[in-house]
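After this come two complexes, each holding subunit A, first together with subunit B and then together with subunit C.
And now, the complex of A and B:
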C-alpha cells in the first residue's frame, strides 16, 4: 500500500501556477528525498500534502485517506515539521511536548521518551524564546515523531542542527523507518539526502523532473577515458554505436569521455573499439554522487 | 486549551490589555468611593441647604399671614377657598418644620446619611402628594394622590407619620383657585408629579434601594457600564483588538501551524482558539470588574438587589423604543429620560412609559445581552485575525473595524441593523436607547450568525499562511 500518493497535483495563486501536475508516491518504510532549487514548489507541495494549502487540482491520499475529504484521518497519519519550527514563544519545551501529547492522545510515558530524545535536558523547562535554532529543531522533531506517524514529512530538518545533531537525526530516521514509518524530507544538503534516502523526487519550476533511485543505486558504473583530443568525436561515435548509456564529453575538457558501462565485459568492448581509432591515455572508474547527478538532471 | 491559555496569559499583549481594564475598573471604583465619602462628609452643605429651606418657608408663612385678612378672614371668600388657604398655610408650616427637623437631626446626632435620607424622602413624598392632588383633574380620570396611592399610603401610614400632619392631603384636590382650564393644561405636570411620588414611594418601601451615590457592587456596575459609557466602549474596543491581535501573533510566531497540522476538523481548530480567547477575555473582564465588585461588596455589603429599576414596557417584547429627549436623570441605578427640553426647562420624566422590576430581575436580561455582545465582538476580532493572511493588513482591518465600532457607538450608525451600534447592555435593558432589548438581542445574534457564516465560507477556501 502507498503511504502517500500524489496524483496530478496542481496549485495556483491567482493566475500564477506554482505546481503544474505533480505525481509521485511513497511506499511503506521508504525514505524519499525531496529536492529542487528555491521556488521549485517543494514547500507548496508539502503544504498541499499537509492540507495547509487547498490544491487547485489533483488528489492526495495519505494511507488511503483523502486529505480533502478525510482530512482529520489523513492528518492523524502524519507528523510534519515545516521550515522554521512553529512553536509558542511563551511556552516551555516541556509544555510543548505535553500539549502535543494531549493533541495526539499519546501516553505520558511517550511524552517523557520524546523529552529525553530532544537531548536538551533542563532547558526543556525554559521558554522557547530563549532556545537556539538547533534546540527548537530538536524539540520540533520530537513533537513531530511523538505519535509515531505512518508518514513523517520534514521540511529542511537539518537546518540549524550541529553535526552531532545531524548524525543523531540520521540515526533517528533509520529507527523511525524500522519502526514502520515512511519519511518524505526536503533538504538542500545533497550529501545528507544521499545518505538517508532510498529515492529522490526532484522538482523544477513546479514540475517533477525526476522520480527514481539515487545515482549510487542506478545499475551500471560510470567510467571516464582520456583519448587524444583530435580523435574525441570519432571515439564518441564508436561508443554510441555500441549502445552504451550516458555517453558524452566531460565538462571543461577536450580529451575526456564519460560513459556508463553495465559490466566489465561492456567496458572491455568499449576499450577495444576506442583503441582502434585512438590511443587511450588513461581510464578512470568514477562513482557519480548526487550532486553531479542533480546537476546533470538540471542540464537536461 | 490549558496550554493555549498559558501562552495567552504569558503574552505581553494580554498583560497590557488586563492592565488597562483593571485601571478602568479601579478608576470607577475609586470615583464611586470618593463620591460616597464626599456625600458622607457633606454635612455643612446639607445643613446650609436645610437652613435656606427653613428660611424660605418661614418667609412664605409670613407672607401668607400678612395676607391673612385678605384670604382667610375676608367675607368675600367661600368656605372652600378658606379651607384650602388654611390647609396650604398648615402645609407650609409643616414644610418649614420638616426641614428644621433635618437640620436639628444633623446638629444633634451628626450626619447619618440613611436617617437624613429618610427625613428628606418623607418631605419629597408628602410634598409630591400635595402637588399631585392640587393638579388632579378627576373629570378626566386624573385622581388625587390619596386615591391613586391609597394602598401605598395605608401601608406606610406609620412610617411616613401621616397622622402627625395638621392638614389633610385631600384638602388640595378640589382647590377652588384652579379652573378646569388650568387643570387641563397641567395634566403633563400631574403625570410627572405622579411618577415622582411613585419613584420616592418605591425607594421608601425598599430599605436597600441604591442610587449612583450609594457605594455598592451594583452601583459600581451601573457606573462602569452605564453612567461612564466611554468605559464600556473602551472595553469593547479592547475585546475586538485583543482577539484580532492574538490570532495574528499566533500566525506570526508560527504556533498556529502546530494546531493546523493536528488531526482536528476546521471547526474544532477555530473553536479551540475562539474558546481560549474568550476565556482570556472573560478573565481580563473578571479582573477589571470582579476586583472592584468584591472590594465594594466587602466594604459596603452585597445588598440592594431589591432596588427598583424602571424599564420600558415594550422593551422585552416590542421592537419600537419609546421616544424621548436627550436629557436624562439617573433614577436609582437606571437612566430615565425627559420627554423633551424646552427653553432650557426640562419637562416630565417619562416614567409612564415604564414598568418596574427589581435590580435582581434586571440583571438577568442585562447579563444575557452583555454576554452575547461579548461573544459577538470576540468573534468579530477573532474572525479578522483568524482569516487575515498578512499581519500588517489584518491589524489595519482590526483598527478600522474598531474605529467603526467607536463611531457607531457615538453616532448610532445603522442602529437598526448594526451590532456595533448596540449600546451598553445596562442602558439597553433599562430602555430608552435607540433599540429595544429584544431588538438588540436579535441584531447581535444575527451578527454572530453572519460572522459564523463568513468563518465557514471563507475558512474553507482560504489557504493557511
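And now, the complex of A and C:
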C-alpha cells in the first residue's frame, strides 16, 4: 500500500497556477527527498498534502484516506513539521509534549518516552523561548512522532541547524524509518538528501521534472567523454537519441559530455555514434553526486 | 492556554481596579451626599423664595383684577405646597448634618414633600421641576418606591447610593461606569489573541494539522474562551459584591425602578416616550441585578464574538487591539434611526433607549451568531 499517493495535483492562487500537475507516491518505510529551487512549489505541495491548502484539482491520499473527504483520518496518519518549528513560546518543552500527547491521545508513558527521545533533559522544564534551534527541532520531531505516524513530513528541517544538529537529525530520521514510518522531507542541503533518501522528487516551476532513484543508486556507470567543442551539442543529441540515462553537458566546459552507461555494450554504442560526428579526445569513468545530477536535470 | 500568566495578571489587575473604584469612588460619593444635599437645598432656597413670591403676586393680582377667577383657588393651593416645601427643606438642612441619626425624619419629610404633589392642581407648572426634583417621571418613581417599601415592610434607604454589595453590583452593571469599562477591557485583553496568537507564532500549522475537524477546533477554543471570560467577569463582580457587603451589608432589601414597556415591548417605542413613566414599576434589587447581569453577559458575549472575528481576520495581536478599540469607539459615538448604539443597560431597562429588551436581545444574539459563523467559514477557507 502506498503511504502517500498524490495524483494530478494542481494548485492555483487566482490566475497564478503554482502547481501544474504533480504525481508521485511514497511506499512503506521509504524516505523521499523533495527538491527544487525556491518558488518551485515544494512548500505548496506539502501544504496541499497536509490540508493547509485546498488543491484546485487532483487527489491526495494518505494510507488510502482521502485528504479532502476523510480529512481527520488522513491527518491521524501524519506527523508534520513545516518550516520553522511551530511552538508556543510561553509553554515549556514538557508542556508541549503533554499537550501533544493529549491531542493525539497517547499514554503518559509514550509522552515520557518522547521526552527522553528529545535528549533535551532538564531543559524540558524551561520555556521554548530559551531553546536553541536544534533543541526546538528535536522537540518538534518528538511531537510529530508522538502518535507513531505512518508518514512524517518535514519541510526544510535542517534550516538554521548547525552541522552537529544536522548529523543528529539524520540519525534520528534513520531511526524513524526503522521504527516503521515513511518520511517526505524537503531540504536545500543536497548532501543530506543524498545520504538519507531512497528516492528524490524534483520540482521546477510547479512541475515534477524527476521522480526516481538517486544517482548513486541508479544502475550503471558514470562516464565523461571529451569531444571537439564545435560538435558538443550535436554529440549530446546523438547520445540522448540512444536513450542513454542522465546525459548532459559537463558544467563549465565546452567539450565534455556526461552520461550513464548500464553496460559495456551501451558504452560501445555511445562511442560509435559520437565517433561518427566528432573526434573522441578522451573517455573517463567517474562518480556523479546529487549536486551534479540536480544541475543536469535542470539543464534538460 | 486561556489560563496563562498574562490572563491571570489581567484578572488580578481588574480585581485591584474594581476594589480601588469602590474605595475611591463609591465610598467618597456616599460620604459626600449629606454635604451635597445641604448645598443643594441652600441653592434651591433662593428659587423657592422666588416662586413663593411669584405665586403671592399672582394671587394678589387676581384678587385685585378678577377676584372671581377659578384659578385663584389653584394658585392658593400651589402656594401652600410651596410654603410647606420651603419649611420642610429648611428643616432638612439641619437634619442632613447627621443623616444616620435622623434617618426616619429625613425619610418622613421627603415622603411628605413627594405626597404633596399628589393633590397638586394641574396646570400650575411654574418651577414644578424643583419639587419633582428633575421631572415628573422621577417623582412618580419615588412614589412607587415609597409604596413598595411600605408594602414590603423594608426600611427605605436615606442615601440611595449607599455602597452596599447589592447597590454597587447594580450600579456597576448600568453600562456607563468605570467598572463596566474594566469588564469590557478584561474581556478584550483575554480574547484579542484567541486566533491571532497562532498566526503570530505560526502555530496554526500545528493546530490545523491535528486529526480534528476545524469545526471542533473552533468550537472548543471559542467555548473555553467564552466560558472562561464569563467566569472571570463573575469573579470580578463577586469580589465587588463581597467588598460592598463586608462594609455596608448586602443591601438586597431594596428596590429599583424598571420600565415594564422596555421589558416586554418588541421593537421601538420612541413616540411613546411621553407616556413611558406609566410603565415604570418597582422591582426588587435582587431581580434587577439579575436582569442587568443577563444583559451584561449577553453584551460581553457579543463583544467576544466580534473580537474573535477581528482576531482571526487581522491575525496580528497588536492590530487586533487597535482595530477593536477603534470599532468600539466608533460604535459608541454612532446612532442609527435615533437609537444610540451604545448599549447601556440602564438606558435599555428604563426605556430611555427607545427600543425594548426583546429586540436588544435578538439583535445581540443574531449579530453574535453572524460573527461566529463568519469566522468558522473563514477558518475552513483561509490559506496562510
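Definition applied: the second predicted complex is superposed on the first by the 243 of 300 C-alpha atoms of A that agree within 3 Å, B and C clash if a C-alpha of one lies under 4 Å from a C-alpha of the other, contacts with A are read in each partner's own complex, and residues count from 1 in each chain.
Just so we're on the same page, a contact is a pair of C-beta atoms (placed from the backbone, for glycine too) under 8 Å apart; a residue touches a chain by one contact, two chains touch by 3 or more.
Since the structure is predicted, the reported quantities are computational estimates derived from the model, not experimental observations.
Q: Determine, for the superposed arrangement built on subunit A, whether subunit B and subunit C clash or fit.
A: When both complexes are placed onto subunit A, subunit B and subunit C end up clashing with one another.
Q: Just subunit B (first), just subunit C (second), both, or neither: which does A:195 touch?
A: neither
Q: Going by the contact rule set out at the top, does A:98 touch subunit B (first), subunit C (second), both, or neither?
A: first
Q: Count the residues of subunit A touched by subunit B and by subunit C, then name the partner with the higher count.
A: B
Q: In the superposed arrangement, which partner chain does A:269 touch: subunit B (first), subunit C (second), both, or neither?
A: In the superposition, A:269 touches no partner, neither subunit B nor subunit C.
Q: Examine A:110 and indicate which partner it touches, taking first as subunit B and second as subunit C; both and neither are also allowed.
A: Neither partner.
Q: Just to be sure I read the superposition right, which of the two partners does A:205 touch: subunit B = first, subunit C = second, or both, or neither?
A: Neither partner.
Q: Could you tell me if A:82 is touching subunit B, subunit C, both of them or neither one (first, second, both, neither)?
A: It touches subunit B and subunit C both.
Q: Look at A:7 in the shared chain and tell me whether it touches subunit B only, subunit C only, both, or neither; answer first, second, both or neither.
A: It touches nothing on subunit B or subunit C.
Q: Once the structures are lined up on chain A, find the stretch of subunit B hitting subunit C; candidates are 62-70, 80-88, 116-124 or 170-178.
A: Clashing stretch: 116-124.
Q: Once the two structures are superposed, pull the subunit A residues common to the subunit B and subunit C interfaces.
A: The overlap between the subunit B and subunit C interfaces on subunit A comprises residues 47, 50-54, 71-73, 75-76, 78, 80, 82, 84, 86-91, 103-104, 143.
Q: Using the touch rule from the top, collect the residues of subunit C that touch subunit A in their complex.
A: Result: residues 1, 4-6, 201-206, 208-213, 381, 383-384 of subunit C touch subunit A.
Q: Note which residues of subunit A are touching subunit C in the complex, please.
A: Checking each residue of subunit A against subunit C gives 47, 50-54, 71-73, 75-76, 78, 80, 82-84, 86-91, 103-104, 143.
Q: Residues of subunit A touching subunit B in their complex?
A: Touching subunit B from subunit A are residues 47, 50-54, 71-73, 75-76, 78, 80, 82, 84-91, 95-96, 98-100, 102-104, 127, 143.
Q: Where on subunit B is subunit A touching in the complex?
A: 3, 6-7, 10-11, 253-265, 461-465
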